[in-house]
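Across the two complexes that follow, subunit A remains constant while its partner is subunit B and subsequently subunit C.
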Partner chain A sequence: MGVGFIAGVLGGLLFAHAAYSTIQYRGMLKIMEEEFSGPPTNVVIELLLGFVLCMVAGLAVPGKFHSILPDSEENRVVSLPSNLDFMIFNHRGRLSPFDPELKLKT
Partner chain B sequence: MVGATEEARLNQLESQVDNGGGGAWEYLCLVRKLKARRSEKVLRHGIFILNSHIARSKLGGEEWTLYEQVAVAAMDCHRNDIANDCIEALSKKFPGSIRVGRLKGMLLEAKGAWPDAEKIYAQLLVDNPLDQIILKRKVAIAKAQGNLAAAVEYLNNYLETFMADHDAWRELAELYISIQMYKQAAFCYEELILSQPTVPLYHLAYADVLYTMGGLENLQAAKKYYASTINLTGGKNTRALYGICLSSVAINQLTKGRNKDEKDSADLQPLAAEALLKDYKERAPEKLPLVTAMLRNIKLVS
Partner chain C sequence: MAVQDSTRSSSEGKSGDDGEDLSIFHAENLQNNMKSIYYSRTFLSIMGGVVAGIWGFTGLMGFVFYLLIMAIASLGLLAKAKFSVGNYFDSWNRIILDGFFGGLMSFVLFWTFAYDIVHIF
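Moving on, here comes the complex of A and B:
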């Protein structure tokens, strides 16, 4: 959690820095009166690095992944819910009465 | 659906609560969520919470859900006096509620006063003719009286309106099985498999029905559905492993003498037998000789 979060913050800072460098670079191009041919290498590297860091953060921070395999421990269905809507009460429990001292106090 | 992890959690919580470790409310919530029928425990621990003023006031609005849960559990344990007290508390709080009316009907059912219960349900249905739970209770009344034919009829009528209710399809399948109408039960399970294809227990039940009907084609289909159950449970379902063994033995007996090629699934039965033996070795070593002798008898292991 902590590591992922720090990676995300770093990635965001890198993106911000890349944006700042791009603006500066454009200003410099205007002064030198040159044509724009492509972004400078340091901006490209920063963008790639920021992308990777943000992706790591996005995968690590929100939590654990759930299994999608039908036979994994989380998903394996071991029993169906008892059909309580169709529950009927005439079973052998009638013959063994339940703890007679239990009472609801009102 | 009850997953393996959830079931383990429920059992762990149950033993914790039974030994006085606290967490009763959490346990009751889990029972409600998984729709488990553990009425004795629910009654014991639910009453404990309801009787303690501090614990009850902590629940806030959930208190009334607990009253309902305890009322049903009390009926299931044949403590109609407790159920009556709970229902009275509820009807004081919610006069004229349908849900409380339903509970009153269920209490009459628990007492065995079928005509009175039916009267209450009929009154409730006048206001709300499509109340699913009340329609289901009518099926349950017929079932409780032993009138399975009527229960099947009610349930069929119900399913004409609410076709997507898989619990009702399952109930219908079980009713058909108990009156030995296997073809109809198989149809219900087909419907269930179509609506929820990833639930292995439906595949298993369908295979059981097919195996019970017998005949070469049904047995072959049963074997396929046992195999799909194994696929969906990762081989952890013992019944499906037994099913593979027994249905392939039955198929072999039927096709004996005829030179039908059974090559496509020749590996399946020894594999299933092997998996079964391995499972027993791990989980119940003392029963291993019994299983080995049984499998040797039907010539699946040597």
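Moving on, here comes the complex of A and C:
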């Protein structure tokens, strides 16, 4: 989460700076009365770098994939509870009188 | 945790030679994977739209750029699934096609938005 999120924020900042540079470049072109044919090289590099950062963010932030196979390692449910002290093997049948000779009176 | 396994669902049998071999998988985990794929694709199409707008693409060029972005995104998702699609998804379409048209709408929206801000105003 942390690394991906920071990468996304950095990418967004790079985009903002690239947009600002392009606006300034266009203003300069307007003064020099030339046609816009494409953004300057540093803007292109900035855009590509920002996109790579956003790619990292978009892939890292949503979290890992979970295996869908029922018999894979992470889907097994054979582990015991961590606190075994609370497991009780006692029941109230122990207190009731036990007599094999006892029979129901009819 | 113990009831997690009870939510297994069986997909329809694969067409072809193994007709009766039903594949069983965790529906919950599959849904989780699909959700993260949608998240990735939507985010990447928004960011791709911003890039296309700042770059100044117009017309068909932008859609070609979108195709390129989606191809790169598919590669990234494939790498995220450690190149074993069968482990995490029930079909290849999940990784290659899902979220394509939904992302296209966001892409066009942010493409025109960034283009307007940078090149028109």
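The rule we apply is simple: the second predicted complex is superposed on the first by the 67 of 106 C-alpha atoms of A that agree within 3 Å, B and C clash if a C-alpha of one lies under 4 Å from a C-alpha of the other, contacts with A are read in each partner's own complex, and residues count from 1 in each chain.
Methods note: a contact is a pair of C-beta atoms (placed from the backbone, for glycine too) under 8 Å apart; a residue touches a chain by one contact, two chains touch by 3 or more.
All figures in this text were calculated on a predicted structure; none of them were measured in a lab.
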{"item": "Partner chain in contact with A:F86 - subunit B first, subunit C second, else both or neither", "value": "first"}
{"item": "First, second, both or neither for A:V43, with subunit B first and subunit C second", "value": "second"}
{"item": "Which superposed partner A:G2 touches (first subunit B, second subunit C, both, neither)", "value": "neither"}
{"item": "First (subunit B), second (subunit C), both or neither touched by A:P70", "value": "both"}
{"item": "Touching partner for A:I23 - first (subunit B), second (subunit C), both, neither", "value": "second"}
{"item": "Touching partner for A:P97 - first (subunit B), second (subunit C), both, neither", "value": "first"}
{"item": "Doubly contacted subunit A residues - partners subunit C and subunit B", "value": "69-70, 72, 75, 77"}
{"item": "Interface residues, subunit C side, partner subunit A - complex", "value": "1-2, 4-5, 8, 24-26, 29-30, 32-33, 35-37, 39-40, 43-44, 47-48, 50-51, 54-56, 72-73, 76-77, 80-81, 87-90, 114, 117-119"}
{"item": "Parts of subunit A lying in touch with subunit B, wherever the complex brings them together", "value": "69-90, 93-94, 97-99, 102-106"}
{"item": "Parts of subunit A lying in touch with subunit C, wherever the complex brings them together", "value": "8, 11, 15, 18-19, 22-23, 26, 36, 38-39, 43-44, 47, 50-51, 54-55, 57-59, 61-63, 65-70, 72, 75, 77"}
{"item": "Subunit A-facing residues of subunit B, complex", "value": "1-5, 7, 34-37, 40, 43-44, 47, 50-51, 70, 72, 75-79, 81-82, 85-86, 88-89, 109-110, 112, 132-133, 136-137, 139-140, 143-144, 167-168, 170-171, 198-201, 231-236"}
